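As structure tokens, here come the structures.
Each of the next two complexes has chain A plus one other chain: chain B in the first, chain C in the second.
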Partner chain A sequence: MSSLANMLQQPGALIECDDDPEAVFELLCAHGWSDGLPVIPPTPERIERMLAYCDRDLDQAVVKIPPRFGAATPVRIAANAVMAGCKPEHFPLVLLALEALAEEPYNLYGTQATTHPCTPMLIFNGPIAKEVGINAGANVMGNYVRANAVIGRAVRLCLVNIGAAIPGTGDMATAGTPAKFTFCVAENEDNSPWDPLHVELGFPKEATTVTVVAAESPHNINDHESLTAIGVLTMAAGTMANTGSNNAYYAGQPVLALGPEHAATIANGGMSKAQAKQFLYDHATIPLGKFSQEGIERRFRRKLADQYANATLDTLVHMCAKPEDLLIIVTGGAGKHSQYVPTFGNSRAVTKGLKRLDGEWVHSIHELKRG
Partner chain B sequence: MAQLTKRGLIAAVVCSDTFMKLGSAQAKVFGVPDLPLLKIQHPLGGISMDKVRERAAVALPQLLQLLKEKQS
Partner chain C sequence: MAKIQLVVPDAPIEEVAQLKASRTLRADGIRLGILDNSKGNADHLLNMIIEGVKKDFKVSSVVMTRKPASSRPATEEVLDQLAREADLVVSAMAD
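== the complex of A and B ==
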């Protein structure tokens, strides 16, 4: 393993700058190494501190990030985590998220370069999410809580600075999304009536996982009136079904992030998560005739000919290929709101668990501390 | 296309002008920096078949020229 000191001896590893926050910010912006917001200067001392919870070789690529296929070594990731404002305890979760994003089913290459406004939504489950302070309650998808802000931001900075997802050249998003600054949540497991996402997917409850989804911005579902499971789910289905969504065309995995009060209404009606998914699959639909004539002819009849070549205009288009493709989590605080998160579509959600090098689940982040 | 080029075949990518920077950057990433990009006007998606034919008419001479150069 190379020491950080040795790595910093390499040409170009260090850039000198006035010891002034504005000067550092100007320099980083001039190089295109920021997200447009001020950053913490990634000095060698700060990078070394950031790596306190890293159990990997510092100079070995953990993943390669397209479209540049830049080598994401722990040192490079740490520099971006410093810039984002991470604590060292956040670092293993940033690294875990990048590992999940690099798995083939996620299609990181496609999601990085596409014109579609997608970005990684990071959904954390398990004890470490709570230990490092990832918000799962009020304003969960909004501002204010550091862990949510900086973990998602660090991932985005890595995608730009290591992967070269630079708007207009490597990231061809037509408009992008404000979620590209950060989109990081934890599931509100304490206030969910069902098994959390990672348990549903076969992980033990004690595991800490990240599930990465190529997400659009969330869309609110306001329902203060429904008193039944069918009522809440009918409102959700109506919000999910829209003609401009990639989920109408691709076999993607959109996310329904239920507020705890909506989830309770559904569960109190006797409905399991699987039954809720089935209902939403059946009811979040769009009659083929609601799409534009050109859309019907060019996309449905030709590109999706196996399903729609001779379909009548009242044929229902579903928002996912099968009920289990829909991801349901419970997150957020008090109130009668839930969120629907459409996705890129041509991407699968990937879930990865946080393990020690000996293969055991990490029960506390401090198990990963060096030395 | 990068793999085809590396196998010695003549290969090229049709690329709209807006995507030329991405195309040339990706050619470098995949180890074929000289991969020919046949430039057409953006966009290619969401246009009529007549407009698609117009773009094909722009790309075809570039392809023929490429074949001549590579075979000479």
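== the complex of A and C ==
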């Protein structure tokens, strides 16, 4: 294992700059190491402090990030985390998210390079999310809370700087999404009537997990009127059923992020999360005839011929292949709003738990501090 | 102005072994490989390319392969088949 000092002596590891914030920003932008917003200068001293919460070998790639397949060593990830504004305590969660993204089912290569406007949505569950201050309440998908902003931003900077997801060459998105600056939330487990996502997926409640989803921007579901489970879910189903969504064509995993008040209405109506998924699978549908004639002929009749070669125009197209593919979380603050998050389609959500090197779940982020 | 050192946040392209492809064409014709990326019109474009190649060169065989999805890589089996059965491969997308 190399020391940080040794690693920084490698050719190309360091670059000199005027000791001025604007000069640093100009230099980093000039090299394309940027998301377009100002950054904290990634000095060796700051990298060393960031790595205080890293239990990995500094010279070993944690993951390789496509399309360049750049080796994401802890030092390079730390440089991006510093730039993003992370605290050292955030660093293990950045590593965890990158490891989840690199798992094959997520299809990082495809999601990085596609023309579709997807980006990793990071959904954190468990005690560490709360300990490091990831917002699960008011304005959860918006601005203001540092942990949400910088953890998601650090991951995005790694995808650009290490993976070369550079618009127009490595990231071929037609329009992209503002969620490419950051898209990081925690589930509001305290205000959910159901088991949180990670428990539903088989993790113990004490575990801290990240679930990564190749997400579009969220779309609001405003429902101040419905007083029943069926009412709220009918409004959600109507918002989910869109002809232009990848989820109408591919076996993806869209996300319904229910506000706590909507979730309570559904649960008080006696519906479990599984029942809510079944209702949404059944009702978030589009009659085949609502798609364009060309879309019907070229995509449904030809590419999805096994399902639609001879289907009538009133055949219902579902927004996921099976009910359990829909992810439901509860997040956000007070108010009668929920969010629907369409996804890339040819990508599966990946959930990964935060463990110590001895294999035990992390109960406090400070267990990961070196020394 | 004083200078500071910054840690470079990118990663270089790793060196990969470069195999030098033989450009010697077989006397009995080219074994042409086709990798369809599964986009809607890739097959139309590739068929036009096949016909164009056949007009200008002697082609002894054409092996047609297809990716499972445009955003997923070709399978190992497909790549092995192309390596075995083709002298050159044309891959294309068209939508």
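Quick note on the criterion: the second predicted complex is superposed on the first by the 371 of 371 C-alpha atoms of A that agree within 3 Å, B and C clash if a C-alpha of one lies under 4 Å from a C-alpha of the other, contacts with A are read in each partner's own complex, and residues count from 1 in each chain.
Just so we're on the same page, a residue touches a chain if its C-beta (ideal position, glycine included) is under 8 Å from a C-beta of that chain, and two chains touch if they have at least 3 such contacts.
Keep in mind that what you see is a predicted model, and the values were worked out from it rather than measured.
First (chain B), second (chain C), both or neither: which does A:R68 touch?
Touch status of A:R68: both partners.
Figure out whether A:G168 sits in contact with chain B (first) or chain C (second), or with both, or with neither.
Only chain B; A:G168 stays clear of chain C.
Any idea whether chain B or chain C touches more of chain A?
Partner with more touched residues of chain A: C.
Could you tell me if A:Q253 is touching chain B, chain C, both of them or neither one (first, second, both, neither)?
neither
Could you look at A:P44 and tell me whether it touches chain B, chain C, both or neither (first, second, both, neither)?
A:P44: touches chain C, not chain B.
Do any residues of chain A touch both chain B and chain C, and if so, which are they?
68-69, 113, 164
Quick check on the complex: what are the chain C residues that touch chain A?
Touching chain A: residues 1-14, 38, 40, 69, 71-73 of chain C.
Quick check on the complex: what are the chain B residues that touch chain A?
Touching chain A: residues 18-19, 21-22, 25-26, 29 of chain B.
Which stretch or stretches of chain A touch chain C in the complex?
Against chain C, the touching part of chain A is residues 8, 12-20, 23-24, 27-28, 31, 33, 41-44, 47, 65, 68-73, 75-76, 78-80, 82-83, 107, 109-111, 113-114, 157, 161-162, 164, 250, 298-299, 302-303, 344, 346.
Touching residues of chain A toward chain B in the complex: what are they?
Residues of chain A touching chain B: 66-69, 113, 164, 168-170, 172.
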